[in-house]
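Before I ask anything, here is the structure I am working with.
We just call them A, B, C, D, E and F in the order they show up, numbering each chain from 1.
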Amino acid sequence: MDKALAQLPWGAPVNFLGLPEAEIAYDRAAVVILPVPYEATVSYMGGTRFGPRRILEASRYIELYDHELDSEPHSVGVHTLPELMLSGAGPAEALAELRQAHDALLAANKFVIMLGGEHSISAPPIQAHVARLGAKRPLSVLQLDAHGDLRPEYEGTPYSHACVMYRVHQDVNLVPVGIRAITVEERQLMRERRIPTIFAHELDQGEGWIDRAVDALGEDVYITIDIDFFDPALVPATGTPEPGGGEWYPALRLLERVFAHRNVVGVDVVELAPIPGFVAPDFLAAKLVYKLIAYYQRAHAAKPERRR
Amino acid sequence: MDKALAQLPWGAPVNFLGLPEAEIAYDRAAVVILPVPYEATVSYMGGTRFGPRRILEASRYIELYDHELDSEPHSVGVHTLPELMLSGAGPAEALAELRQAHDALLAANKFVIMLGGEHSISAPPIQAHVARLGAKRPLSVLQLDAHGDLRPEYEGTPYSHACVMYRVHQDVNLVPVGIRAITVEERQLMRERRIPTIFAHELDQGEGWIDRAVDALGEDVYITIDIDFFDPALVPATGTPEPGGGEWYPALRLLERVFAHRNVVGVDVVELAPIPGFVAPDFLAAKLVYKLIAYYQRAHAAKPERRR
Amino acid sequence: MDKALAQLPWGAPVNFLGLPEAEIAYDRAAVVILPVPYEATVSYMGGTRFGPRRILEASRYIELYDHELDSEPHSVGVHTLPELMLSGAGPAEALAELRQAHDALLAANKFVIMLGGEHSISAPPIQAHVARLGAKRPLSVLQLDAHGDLRPEYEGTPYSHACVMYRVHQDVNLVPVGIRAITVEERQLMRERRIPTIFAHELDQGEGWIDRAVDALGEDVYITIDIDFFDPALVPATGTPEPGGGEWYPALRLLERVFAHRNVVGVDVVELAPIPGFVAPDFLAAKLVYKLIAYYQRAHAAKPERRR
Amino acid sequence: MDKALAQLPWGAPVNFLGLPEAEIAYDRAAVVILPVPYEATVSYMGGTRFGPRRILEASRYIELYDHELDSEPHSVGVHTLPELMLSGAGPAEALAELRQAHDALLAANKFVIMLGGEHSISAPPIQAHVARLGAKRPLSVLQLDAHGDLRPEYEGTPYSHACVMYRVHQDVNLVPVGIRAITVEERQLMRERRIPTIFAHELDQGEGWIDRAVDALGEDVYITIDIDFFDPALVPATGTPEPGGGEWYPALRLLERVFAHRNVVGVDVVELAPIPGFVAPDFLAAKLVYKLIAYYQRAHAAKPERRR
Amino acid sequence: MDKALAQLPWGAPVNFLGLPEAEIAYDRAAVVILPVPYEATVSYMGGTRFGPRRILEASRYIELYDHELDSEPHSVGVHTLPELMLSGAGPAEALAELRQAHDALLAANKFVIMLGGEHSISAPPIQAHVARLGAKRPLSVLQLDAHGDLRPEYEGTPYSHACVMYRVHQDVNLVPVGIRAITVEERQLMRERRIPTIFAHELDQGEGWIDRAVDALGEDVYITIDIDFFDPALVPATGTPEPGGGEWYPALRLLERVFAHRNVVGVDVVELAPIPGFVAPDFLAAKLVYKLIAYYQRAHAAKPERRR
Amino acid sequence: MDKALAQLPWGAPVNFLGLPEAEIAYDRAAVVILPVPYEATVSYMGGTRFGPRRILEASRYIELYDHELDSEPHSVGVHTLPELMLSGAGPAEALAELRQAHDALLAANKFVIMLGGEHSISAPPIQAHVARLGAKRPLSVLQLDAHGDLRPEYEGTPYSHACVMYRVHQDVNLVPVGIRAITVEERQLMRERRIPTIFAHELDQGEGWIDRAVDALGEDVYITIDIDFFDPALVPATGTPEPGGGEWYPALRLLERVFAHRNVVGVDVVELAPIPGFVAPDFLAAKLVYKLIAYYQRAHAAKPERRR
């Protein structure tokens, strides 16, 4: 493109935050955004495959400066990958591909923020981290979610979004927060396995639950955020909106503390099912992702030895 | 249907909670869901006649287990009637038909949960209960609502949704909660009749109002829930959404206590006007109805003599 | 339900046309509606799993009398099955279940009208008919569609909706009509296999194409109607709407003639992806299904020996 | 308002066409727009009470010049009345009020264009014209409609929108055009009463039907246009959209000829049920109304003696 | 209009609150509503030009009685002007016209409530008040907003909605409340100019911020309310919804106190970008405006000498 | 990105047709897509600034093979520029920037397809071509449009979308097609200047108009397609939808012939105002653009000397 063209006011590129290409080279980026528009086992309202796209679009309107932390989190380096189009051959094949992607990204030492898509995609990154950390460093999983997702099988498959935590719960230290819809069997499993669950109605009783959640986590933590954790007033755009969910600032306080006091190894934000013409939930998800980057940046600025 | 067909994975039937036909026989059901898609005197946004249908649809995605109460409320027996299509000949005729339905259901000793439809349909069940209880047992009506609905007449008729509480207020002990839109005349009536009204802005000042509401109720209580009681952030899907409304958990605490300490004889949930493609309010209404069933079940498990 | 209740004006049941239960016993029904809300390999806009539900809902507002044929097609007996919830274990498993359903229904001598759901579900019924008819009676497939669906594989699987006709094309006599979006490879396959394709732009040049289509069909015909065959002005509610599609009356004239002059063994209507709050396409699909029943009825009234 | 204010660029007033107040004085207006947002007996999708409002809003964006006729139809004088809020006491009361309105307007020698609202509102103006013309001048009614509306009763009332033509058919010469959904009984009535019906599928066979329709009309004609006459591709925004409807230019040709060759005494356009965010049908209805005014103007310019 | 017509039940006129014409004469009105549907420099979702229209429409369904204040605020006299259609020649020309409008209205001693439209329209009224008050009476501006709007230039122009507060900040005492999205440069400006900003996350920590905000204001106050101040749960209908915003009752308490303790000279409510079919935010905005009128009325009833 | 990552199935890039980066280098591309999301002077429904984005998104689902022409038009080389964000300083500044862009692109010998945005953006490319061709080669402009756009000024500016053709009509040979909404003054101008206008109702009378349009064009032709040319049944997604518009195949036949028999120097497609959740019009616009590329390719394959 010649000079006369180049100097015109072109719009921001389509990546997380709309950053200039020069700033976001893969090699120098500490953070990698991995969009996974996978939607195979559906809940009531569908459309989670549009989630990553709409989060990226909204992210371009987010201010780069974080006034709460007085920082510029994007300076950590944020590279956005293209959408990963998982195989249509069935969930086993699809999730195997996703595992391969995470293995490669972790080998390259990236901090991956995966955008879903349905919740079943959280299993491969968790399993990749478990494998990577090895038996001596047990992984904790902080699950922000309305549903338990602890069924052994759902609709004829163990790969359903309703089963994702069951698939990993024996290999990790699971800490579910915001739960408000489970089966009898899930409740029993929680009791038997002593899963330190924080139910949604407990969030309505002061903020003591934040300490409890942080305390229940080990040193290494993966965070999976099913966007239906939030109250449907904030995020109606999800498959099965359950009343009585989490609020914005308390959630941030929890996340800020986890990043400050634990080693967060990866994150995902899933189950946004955008509503056409109703963008507020997309903005919330995008800003949430940027807050995660901000907390990540601060943690690694303060404790640079941590990242590895 | 032959065996090869029968063993295939068929979807849940269209009834409240999507329960198997075998479980919900009318004769054995303690609870009966009565959908009344009646919409004749309209407010700003219409569509309340789609309310029952959408509540039923959302209800099929609700977990049958209630983890707050550690119970399975559906085991009380929940039968869903077809939609009752009230006469188009005028409100007097329509409401007379509805009275007939309630008389029959009460005679069969059913606990009726009526789903509207516009608020004017609450008068017939209230009048049926007044008649049934007789003069010695005055009925209390707990009205969760944004509007007073205490006008003698509106748009040329005393049968409007804006008049429903006026029509019954002399025969019952009325306790309105969450009110935030009334006329001068309604305010005056509240004062003259000493109607113990709890205004919406009082809900923002601690939870003392819950005690006051429960205390104002007599032994026998009918609960009518105009869904616009809730804040429009939770339920934008109603005819005239008024800012500053009720929240989810405080409302549940009120209802739980009323069921625990009073004899609730009937309930309705009205004025949901579903927004196409925006299902969160439908889910809230469906879960609210299931919570009512849960509280009902617990009340009658504890005090089995009560039901009659 | 007692008599006082029974005589009230209850709404129509949720089945195709909203027919009274008494009229639609499975055993006596010649026609069976099979709703298959299967959606696994997605195109641009999703939501085909809501297609069957919305067709049924719209069908309840269709007049039972057909004034063009001066007949009452429902009198043939129309039974609506519940939704068939195919396995989430992967497309191979799901489609095997669907084949089982068709085998059972054909064994019971039913004329099946399947409602999708994505187009990949058409393969099992076609294969079931091929098996049933045997080698001596080759099946013709009349495909009304915007897309060729003749790819050997798509998004990592041969079971995609984009491959459905490839999967069966060697076993049947395929007659595609309304095609307006294909790959080079599909075009080549059409030429090599001499598939008598009628492209969409040919529909804009008089109605000679109707004769050509009918002539290209053998005696036994399965009809699969991808709703995106129709012009997006009529049916914008589909995954990948392609401009320049088919019109209503010419399509009816084609279908009427095929039923009159061939032995139609089964039908499906797929790929309706309903748009919330925009019901016209749902009505078109519902009326189309009823027209198919009307033509079926007339064909079997005239030639009663045919049905077997 | 002082001069500095007055000279600012204020938006057009809210009336049909957004005409300046000075131009539209009631006394000098030949044409009166009467908005009747009445919606009591509902069909599938509701919202006809928003029809008049949305037609007025769209009308403000219509060019005042008609290039087909090379005229400025608004110069005939077009006064827009406020919305007439019919009684909620029941259909009999409501329609009596509406009759009173028409009697007053006809006494004032106005040409009334009524905007609905549901179709049941067409009976009062027709009856007013029948009364006014007297026994010697039989009124013809040109009904553009998808449905027969010839049921004696529907949903418990003879005042339903589905009955409006039955209510008047014995007093007028009824000419239905575009019909494509009727009951057996309506078909029989059409035959018995020899109602010269032009069915929708006949509109697909050349334009001979226009002559037949005009020929079937007597000298004095009332035109009622149920907007569902038009194909749902053009007007999806109606209660029960039926595929296979009328097109724009042929409809204009019919109306132009009726105005040119008959004495049109009144008109209504009803059953527009606007879809939020989808304005094309509103524009079609608004332009249709303006075309009616254009034809009216030309008829009365040419034959000024006619108007009385 | 003759008597028979006049006595019919006509709908309310299209003005703020739908007041009878007789009550709202411009000359006697203390309050003037000025709708300015200006939208030129756009944010993510557009549509702010529909804001005024939808606020007016919703306002017609608001109760005239204010039960919190036990008053009838409309009795102060509320005149609604037509929409002011600002020049399309560019922002400088457009805002100059708007300044002219405010000068004329202030000269007529009106209390102006301007409805936007995009936020850039707030500069002209603020500048008009600064000019009017003169150097001895410095104007304070209470800005309720999610964004700082303190950029010197945005998208090539200093007239953007993102610059509106920068344009006036040197001439007034600016008090921003609810801010949660700013640039580094805006943060620096706030520090350098010691702008007493109350950030949104501070609103989540008790109500001490209300005192701080009121204390920071001088005697004469202009209030500009960017509707995105409110949490997107309450108002998703805005250009760039930012999570973590203000709530209804605390905002009212702030506004009530400002009116009670300061001399409020003018108000605007801007940036509502209505979502089709989703009216709750329109109602919130309309009720907010009426609350402002209520506080204005009480302030001037108590201190009648103030108004000048 | 390492090899393990690179071999995963990543989604298509965000450019017109979703072509691989390797194929679309600017330098080798004959065709350049220039998205101009400019929306300043608004019509009824807004949102034209989302037009380019939605056309690009839809284009990724279009088949690359054109079966009507049996060609692969993308092989001509199609480069998509980022969105050009024109200045917010006013229309004069914005359009000057746009002129600069076109000058640079024409200097680079690109065939530019501009995607709007509002229609006012067509003037700069037309003026650039007039300048480039010089006085001896007069430019013809084929305008497909519902509106004349021949006003000297609109809403205080000569730069409005309603004026765009007036601004250029003296410098070019203007051929408007599909016109159906004009003012008296526009009609008069058409007559005085003998502008060979083809009105929309003429499109309903056989296809003779195609010859007339082609014949009226000189050798060098710029084509501007206001998407509201098409019937609102096909494209409801535009600012002011006018009934009675153009159809798909006839429009293609016109365009095919113009490319075959004239030297088309540039094209734009403007005024698509996407409706959230309703994508059919986006697909039509995207396919239309691809058809233009197909016709361009064929013209330049046959007559390679032409391009210069």
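Just so it is clear, contacts are C-beta pairs under 8 Å (C-beta built on N, C-alpha and C of every residue); 3 or more make two chains touch, one makes a residue touch a chain.
Quick caveat: nothing in here was measured; it's all calculated off a predicted structure.
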List every chain that touches both chain A and chain D.
B, C, E, F
Matching B-D on over half of contact pairs, by residue number: which of E-F, B-C or D-E?
E-F
How many Å are there between the centre of chain A and the centre of chain F, using C-alpha atoms for each centre?
41
Provide the C-alpha centroid distance between chain B and chain F, rounded to the nearest whole angstrom.
56
For chain F, what residues touch not just one other chain but two or more?
9, 85, 87, 155-156, 231, 233, 276-278
Could you classify the connectivity of these chains, where an edge means two chains touch, as line, ring, star, complete or other?
other
Each pair of chains that touches is included here, namely A-B, A-C, A-E, A-F, B-C, B-D, B-E, C-D, C-F, D-E, D-F, E-F
In the complex, the residues of chain F that touch chain A are 1-2, 4-5, 8-11, 13-14, 26, 37, 81-87, 97, 100-101, 103-105, 107-108, 276-278
Interface residues, chain F side, partner chain D - complex
43-45, 155-156, 179-184, 187, 199, 201, 204, 231-233, 236, 240-244, 275-276, 278
Which residues of chain C touch chain D in the complex?
9, 58, 61-65, 67-68, 70, 72, 231, 233-234, 248-249, 252, 277-280, 283-284, 287-288
State the interface residues of chain E toward chain F in the complex, per the touch definition above.
39-42, 46-47, 49, 85-93, 154-157, 159-160
